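Labels run A, B and C following the written order; every chain starts at residue 1.
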């Protein structure tokens, strides 16, 4: 009874506030729960969060220039890039000093490679200069300006110096500009020359083709999932094995099989020519273009659409359709007004899966995409493994990540993410 | 901090150097190469004899295609697991520029020729980077379907651009290197002026314009096996690939394919040692290189695959194919009959301009 | 088999058979005829064919043989959506993605009714089941009983003349079920609709229906009003299935004056009304309701045969007493007596004599 008369916080039997006492009682439970999820948490942190963080960091990181050429960067601050003239002797002397240390540590060529992404030719300027500067006496060997220009005439080019100056800060938006077909010009960001613009095209194409692939997957998967969900268990299991069969075959084998099917001397064309439907000299071009990519990727990603659809459709009781019909709806109306809306969560889940998987796909487009069927991910792979321009690859990846998040957000706004069911 | 570490390292290496003997070398090594028949030829010519001689266990890794990126990643992680890596010359330069490969003193590490010529002289100008030990000369060249080109077989690289005489699809590698040079050459640019022209915006436009004339008839490849397959399927009438691939399609699989050696593009493949190995592993890697790149071993490899040995002194020793028994010399890109008109590509120039030209090339492809 | 076939039959099954696998008949030769406005319940154990009959009537199953007529026309070839039959499903089958009002509006929309008409009808139907305030909710936000009312309202909103209900109260708790039983019957009578109701709950069948069809083994075992069904079961299945029942087995000794003398297997003699027996020597199973058994000598009819019984158990149940007896060697014989001031309370171990009116004891098939 005393509880009801007192004001202020409710107290437990021993006089401590009830809230605190409850929190203490729950603490052990919370710690135990945390311990249980800790391995997964750690796993996700190490294999997912950290790499993504590292990627985002790389897309803006640019410490290599100021780390390797600290004196030059400072000396270059005074120089006016728009003067049209190369910097004065002080900068070259600083460069000589920096390069001598860098060359001893074999770091000079790394800066060269880094800056070469921004301006072709800088790589060999650094490579050649490093080789010579190693033997110089940097204290008494000056003046250096002419000596540098003698090694490589690029050292006298104000444009090369502008590039060094532009990319001397520790962080840069240069990779992102590049990823958006922009570059740093004399007056801030400007479009790259038209013959170098490619990423916009690829981003748009990646989005468009992923959309087409997602839609074809929906169209092909829906009836299959419907049959699966409505068959008796034994036949459904059999059919399910057929659906999952592609998963058991290597991606390369499947893609190569499509080559055999679709190429001009391939199975489909041969059949069409044999049937007389297509003239021998006008065989259909179905591979090394967008069509080939869409066909092969739809096939590969189809199970990712069927499975969530199936698991959602399984939960839709057949009595709903009967109820609709008993209320006077035709087969079509019953399906469209009653069954279909309930299967939308499956379509949503499948679409998100397929769409996100396809915008990141690169093996299949690489093999069957030709020139018009490649995705942005092919460029990312190229910059990771071939050009070693990891900063640019990271920027492209970050943009792709942002696009996915935006789409996810939009989906949540339009359809509602709690409407997505994976099973 | 870094400097002290470095000098400490130098000091220890210096102290150990006079005592460097077999027992100070690692007795296991990972060698990275391209896989397939190429790795097999190396196993036969180098790995097995080396293991027989030293008892060192050699682990084969077939990751050369991604070697540059992987070495960089390993280097950043501070855990380099590879000892010797087979890469193309341009990748070797890139790795060297990035400080990811060890610089090698060729004369100190590699064996001299039997006649006493020093290693650096024997390899000559094939040593395109301080980090690179050349192994083979290969070429990117054309093969054509003998039964699909009519009565007159193509004899010039410019027949690639001749859609009237040789209608049908052709396959080219999906990169600007070689293709741009061939395009300019066939557009009338003299061989010695190609890189000067290509260095200008107009030159790039000119090369791409020439490629434009056949663009819709080109199947672009990324893996060396694609062209032989496309030729075998009759998907293309002619296409570029590595000469060894064409050799196996012709000699081993008896495909109706002919070689077009005109303006073949010489390239090099060889070894690098990743930077950052422990002294024992590095010593083992150098010892292996000394063994595997001597005059006789390089000639031995040619028994298994039709790539030319990189040493001048190895050429006379090239014999017959180990299984087919055919004389290998005429199938070498370096054979005088094949090398009447060759294109030697400029590594330095491409190292500078590759990224830029690649961007333009890709933009052109996407158009 | 009752044959009510006449001119104003509204729903008719004529010689209807149904087989799913081509080997076994689930429904064997069904004949049924019901007039307009009747509340008929199909009662039976699971697998007896009652739901199949309902589904054939609704159009979700086709009859393998025979004719089903609605208002005089055969509906065998009419698809379900054109039959105009309202239906309430076991799990209500309310469309989860629509609000209550949308659920009710659905049958009107597919009938191309105008918006204002629709709204008025939906409102009226909701008011009818006292759910007027719930139009904007989703089915998942309602309790089981509320969903039940909505399902009912949805089946009625388009004013069908025939409404089918497939165990609609099965998922409700006992109290709610009893309440809904009343509401459904009242509503049906008020609206004058014809109802075919399927259940396996005999209490439900007895309390709600005008007539009950007891199904077993694909046949109607008896079709009768509830009181007849209870008091005058036509065979031992019905007698067993409906209500509590004591059975004794024996042989007919003789039949005279509409009374059969039955000798039980242990030798005891009893009087019974012959239903499925026609001559002496036949085996029979006699059936007597627990509340018709008498052990108070004063109340026993004169000249009635009596049996010896031993009291095994006395159960006090408030309004009634249940007493378990051993009779004729069987120890599951029950007697039910009303709790009255003068009622005798028996004790276990007590030896008594029991008897009954001959017409309360029915000699049925063995």
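Just so it is clear, contacts are C-beta pairs under 8 Å (C-beta built on N, C-alpha and C of every residue); 3 or more make two chains touch, one makes a residue touch a chain.
Everything numeric here is computed off the predicted structure, so don't read it as measured data.
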- prompt: Which one of the chains is closest to the middle, using the mean of its C-alpha atoms?
  reply: A
Task: With chain centres defined as mean CA positions, report which chain is farthest from subunit B.
output: C
Message: Suppose each chain is reduced to the average of its Cα coordinates; what separation in Å results between subunit A and subunit B?
response: 31
Statement: Taking each chain's mean CA coordinate, subunit A and subunit C are separated, in whole Å, by 66
Field: Where subunit B and subunit C are represented by their mean Cα positions, the distance between them in whole Å
entry: 90
- line: Residue set of subunit A touching subunit C in the complex reads 317, 319-320, 322-331, 333-334, 337-338, 341-342
- line: Residue positions on subunit B within touch of subunit A in the complex are 2, 6, 65-66, 68-69, 72, 94, 96-99, 103, 169, 174, 204-205, 208, 219-220, 222, 233-235, 275, 348, 351-360, 362-366
Message: Under the stated contact criterion, what part of subunit C meets subunit A in this complex?
response: 58-60, 79-82, 84-87, 89-91, 93, 95-97, 106-107, 110-111, 154-155, 158, 164
Task: Quick one: which bits of subunit A touch subunit B in the complex? Just the residue numbers, please.
output: 105-107, 109-110, 112-113, 116-117, 120-124, 127, 194-198, 201-202, 205, 263-266, 288, 366-367, 370-372, 374, 379, 382, 384-390
